[in-house]
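What follows is chain A paired twice: with chain B in the first complex and chain C in the second.
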Partner chain A sequence: MDAKTYTAPPSIGRYGSRALVFGVAALALAAAVSFLFPQEHIPGPVQFFRAYLVAYIFCTGLGVGSLAWLMLQHMTGGGWGLVIRRPLEAATRTIPLLALLFIPLAVSLFVHPGGESLYEWSDAAKVAGDEALRHKSAYLNPVFFIVRAVIYFAVWGVMMYFMNKWSAEQDKTGDPRIRRLMQDASAPGLLLFGLTVTFAAMDWGMSLEPHWFSTIYGLIIMVGWGLSALALMIIVLTVLGAEEPMEGVYAPLYFHDLGKLLLAMVMLFAYFSFSQFLIIWSGNLPEEIPYYLRRLRGWWQYVGLSLILFHFALPFAMLLSRGVKRHARALRNIAILMLLMRVVDLIFIIAPAAYQDTAEPTGIHWQDLLTMSAAAAGLFGIWLWYFFGQLTKRPLMPLGAPELEKTMEAAAASAHH
Partner chain B sequence: MRKQTRPPTYGLIAEFESPGDVIAAAERVHEEGYRRVDAYSPYPIEALSEAIGVHHSRLPLMVLIGGIIGGLAGYLMQYYLLVINYPLNVGGKPFHSWPQFVPITFECAVLGAALTAVFGMLALNGLPEPYHPVFNAPNFALASRDRFFLLIMSTDPKFEREQTAGFLKSLGPREVTDVEY
Partner chain C sequence: MQRVDNLDDDRGIHTTPAVIEPGHDFGTVTDKISSIVLRKRTPLGWFVGFLISFMLTGMMMGTILYLVMTGIGIWGNNQPVGWAFDIINFVWWIGIGHAGTLISAILLLLRQEWRTSINRFAEAMTLFAVASAGLFPLLHTGRPWLAYWLFPYPNTMGMWPQFRSPLMWDVFAVSTYATVSALFWYTGLIPDLATLRDRARSKFGRVVYGMMALGWRGSARHWHRYEITYLLLAGISTPLVLSVHTIVSFDFAVGIIPGWHATIFPPYFVAGAIYAGFAMVLTLVIPLRKFYGLEDFITERHLRNAAKVMLATGLIVAYGYMMETFTAWYSANTYEEFMIRNRFFGPYAFYYWSLLVCNVVVPQLLWIRFVRHSTVALFVIAMFVNVGMWLERFVIIPISLHRDFLPSSWGMYSPTIFDFTMFFGTIGFFFFLMFLFLRFLPVISIFEMRTMVPEAQLPEEKLP
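Showing the complex of A and B:
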């Protein structure tokens, strides 16, 4: 490759500022609806925090999920990893922003309007009257919750810092030892990723229903994060590939590989989600089954059905086709569907948790659907703005990677078809 | 003159030293209109399979059908056993409780697909085959080491010994030889 620099095109900056405007507007809409149209037992601030939580878990998945893919591709190698490496690195560099965006959730622990809260264990009055929560309060208490979040972000931040630092050094020096270094650091890195995400998922999601527990919960969130990060990367490649300098660089071969991985993630998501359901459904124990009683009666069962159909069956059937996986536009459309369904799944996980005390089938409230999807779209827009800003900071290909030239040649050879 | 009395051959084989050369040659051969073509390399080369069009096989469809039949059979087997033949009350759940049928249905679908893939592959490629003329080609043992081979079968409608040999030679191989039956 002669002096190709792979500088991000100026249009990326424009997309970023549009995303920011859209994001702020959507988040403002979520806040306005939360405060102007509160539900009966859910005051405005709590409604906003619930919507924000959906958005926050979704966006954190994009940054932290990208960190996992980054380390995974350092371990496995392969052209698909090389072409998404720079977008992945840019996504991991949003982790400081995500740490900052955690502040509203920390604040929510100390806000109990009318005795209602986002996390019922954060309210000392509720804990005092609940034996189980009293026993769990050594772990589930506001201070330790915040300390743990700081630990997660410290771990993710350190991994993000070194992965990006070494990659920049590799660009400059082309030192082949750096490749080995990143590979060696990735194995323990992935282990730490698995542990931190499991705990983060228990903290941020599972503790919404503090009487309930599921040991596979962390994996469900983890695979959801991996899925959304991968779907985003596929979309980013189609956006970047539309113009110079990346036009023609992303060969069908890479989309084929990314499509296979997307299929694997779709199946893994279905596998984990169904495992949790099957075990709790067949056990039918009083401390576990209410989770599904809240979600599988009334209108929520149709949301669950939509997850089976559009989060699993449809993408699964389409991704079986080799032609679809190699066709960038078709694959991008599936990736967009997956991002949307990730939000639906998070709403399905988070929204019914607020109706734990009602005995009748949980209804679907329009405020939930509107505020949660608006908040998710809004925070995603803000996140995208920051992500695009990071994306323009470095060449779109790892110029110092020893395998770059060989990979580009192989792609060029395969692109004749 | 001797050439005309030569017995009909299995085809012509060209020997290449690098994967890039054989891929480029295979693409030219395909462009030229040859369809009864085969290629041999020490390791799988995606682009080479692409070039000679082996991906257009009926096997994926057969595997899909095998998987669907396997899944249906698995579900119906459980339905017959647990609803008709020996209804068993498990935890007060209905006899036809589909969630508990899912794992076995899935496994049977995988089994059906996998068996179809193996036996369908054998049926389509004709293995096991104790004798194959391509092994008469000189140096062919190197196809499992560091050489790449491209074969045009004599049954190809476009096959014309002299012309095809000349064409293959123009693609820059080490050698072009006849493959005897």
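Showing the complex of A and C:
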């Protein structure tokens, strides 16, 4: 292993504490605006919970999405997986924090100021007056909602625990069987991931509009999570690669591979979203189309248009270029754009749900935009602080991985071409 | 214990069987593959298989003749089940074709070298499957000689097809797919056709293969252009795998019939297509490598990889069934709920349960390593999937149609003898083309296999 120990540079700790200060401030801003400048029909607490939900789904996607990438790279192998493995593992170790951060959402189920709530179905009075909600109450009720969340986090937590434990053991012993073990556990792990994320997506996102349903919804959120986790990893590599000990370790070859994966995720997300739109638009059924009517009228249609342009067209066109994919800075900029657009997409999914009862074309309310983006930035800051803390705890490369040496040689060789 | 056996002791990288068995060089690869076409005596089994498939093709021709003379009333589909065997078989065949494109184009772009020995064969499978598929909608028009009306062309009647209809998109998707697949396959064949031309003993063989080789001389410039063309065609084919079956799924999902109108359909259909396609690849390749002694080229590794792809895509398909069932309840929509109840307990419940056994239960055996390593077990599971994927389309199409919104317009569907002669006829037609291909063209890409032997490997190319 010569002199290389790949310990994280001290600057990472500094970034972490800055992110924490910024995060707490932004979250406080979101809370202040929610409570001091409420909208007409949306009381302060509900406004805050809605903003928090955007932030929460975004940040959970970073932690849980990383879990999927971690298992995927164990299954497929390849240099790109090796270089992002430690950042991925660090991101999965934020899952306990994310479980803790779920508490406000659980609380929201029991808060109904002025008859308004985050989730309409959590209010017994509303359920009693609505036949469809009565039917769904076997699934959509506060207790079962919390039980399900506990199950999701238990599943994710167990997978996170073993993947990290085995990886640490591999560092210590270099036992070749561990590689096989992680590979074998990853296939059923991904299966469990798919199931839990699907239902988590329906619980947390889809049930905001409890009369509406779409069978592809789980896949859309799943790919969104994968996309944001991958974009974050690209950014982390460029940050780490800027100084010793990682300077020069991340060869263009890996950025090229990660760029290809980012392109694939961008296309997959667009494919799923467009399929959902086209099918619902063509069917034009009364229980489905309101979802899009709320989002394609007034100012919201421009948000939708911005998604087409900046969540798909622009990154798609840029990522086609081989030069862009191999250029770390250029790729990082696209990754930052993708993280921003993920927040925009979540706002697009979540915000209009609060205007289900208004027949008017839905306007965009500045409170929504401000509280939701501030909350997303805030929770992301807090999450980053924890993530950076985890990142400094282990070497930045899996030292015990049998393929490490070969991969580093190949990367060095490719850099000269 | 089994784990330890598979480990390469010092590096910890478990050994996977090679994509080509050791002991081959440029000469033996060329000999072995080209001899099937040029040297060896045609085995008796080939004649038997050819004859059977030829007879089935004759049966198909007879059915088509009767259908064209009489009308599509000879089939069982009628109100309320307007789509049945014709569309089931169309979707089934198109799906089978997709594995060929996946193997030849997507795996090429992903630099998966193991694809080399099966891509030619898989592309041929695509082509013949698309040919079989195309017959069904063509004949379902009832007047196949007027099928050109499907294309938008300026005409004196001033009529245009309905551009909002997915059936219209289907015409474009499938015809593009057929064209690109044929081009891709033929382009890949050219260097090998030249090899056959050079090695053929008969004058006739030299002339025919020579004409088909389009003057290939193997110069550096030829190779340069060839590589560019092939890569471009691979790039064009790749989105087609997704787009064709996505549009096939729109044929249903864009409508509002419960059981058809589901947003999950596009990815679920694409996964189902690849699932069915890999099952068909295994069905064909397992006997083929045995009879022609191609075990050195189509190795255990290929079969295991195909098994893994089948397991993964099969799970996506199962996910689709699960989402449909859960959402039907969650929707609180009477018609959606009834559709699922009708699948599980209605008059055609037997077929839905069989589908679940074939597509969801049996393939779970592929999780077990020794099942993946057993050629016989893989063949049997692949047969289950072939049947299961046909049943899936049966469940989606006639079962959704036979009981929709109004109980007064419910009805039952049963196929006639001509539905079966047409279906089995196309299976015969598919194998008829397959047997011709086996006999007259190199079933494995000779020149690509040459790049797999040790003497072709340069150290720089061994990047991970």
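Here is the rule we use: the second predicted complex is superposed on the first by the 414 of 417 C-alpha atoms of A that agree within 3 Å, B and C clash if a C-alpha of one lies under 4 Å from a C-alpha of the other, contacts with A are read in each partner's own complex, and residues count from 1 in each chain.
Everything that follows uses one rule, which is that a residue touches a chain if its C-beta (ideal position, glycine included) is under 8 Å from a C-beta of that chain, and two chains touch if they have at least 3 such contacts.
No experiment lies behind these values; they were computed from the predicted model shown.
Superimposing the complexes on chain A yields a three-chain arrangement in which chain B and chain C clash.
Of the two partner chains, neither chain B nor chain C is touched by A:Trp300. The partner of chain A that touches more of its residues, comparing chain B with chain C, is C.
After overlaying the two complexes on the shared chain, residue contacts for A:Thr215 are found with chain C alone; chain B is out of touch.
Contact with chain C, but none with chain B, is seen for A:Thr407 once the two complexes are overlaid on the shared chain. When the shared chain is aligned, chain B comes close enough to touch A:Leu320, but chain C does not.
In the superposition on chain A, A:Trp204 contacts neither chain B nor chain C. Look at A:Tyr355: by the touch rule set out above, it reaches neither chain B nor chain C. In the superposition on chain A, A:Tyr292 makes contact with neither chain B nor chain C. By the document's definition of touching, neither partner reaches A:Phe388: not chain B, not chain C. When the two structures are aligned on the shared chain, A:Tyr250 is found in touch with neither chain B nor chain C. Comparing the two interfaces of chain A, the one with chain B and the one with chain C have residues 253, 278, 282, 410, 413-414 in common.
Contacts from chain C toward chain A in the complex involve residues 3-4, 6-7, 9, 11-14, 164, 242, 246, 250, 253-256, 261-267, 315, 319-320, 323-324, 327, 330-333, 367, 460, 463-464. Within the complex, the chain A residues that touch chain B are 253, 274, 277-278, 281-282, 284, 320, 322, 410, 413-414, 416-417.
The residues of chain A lying in touch with chain C in their complex are 77-79, 131-132, 135-136, 139, 174-177, 179-180, 187-188, 191, 194-195, 198, 202, 211, 213-219, 253, 271-272, 275-276, 278-280, 282-283, 285, 287, 402-403, 406-407, 410, 413-414. Interface of chain B with chain A (complex): residues 20, 23, 27, 46-47, 50-51, 55, 60, 64, 90-91, 93, 99-100, 102-103.
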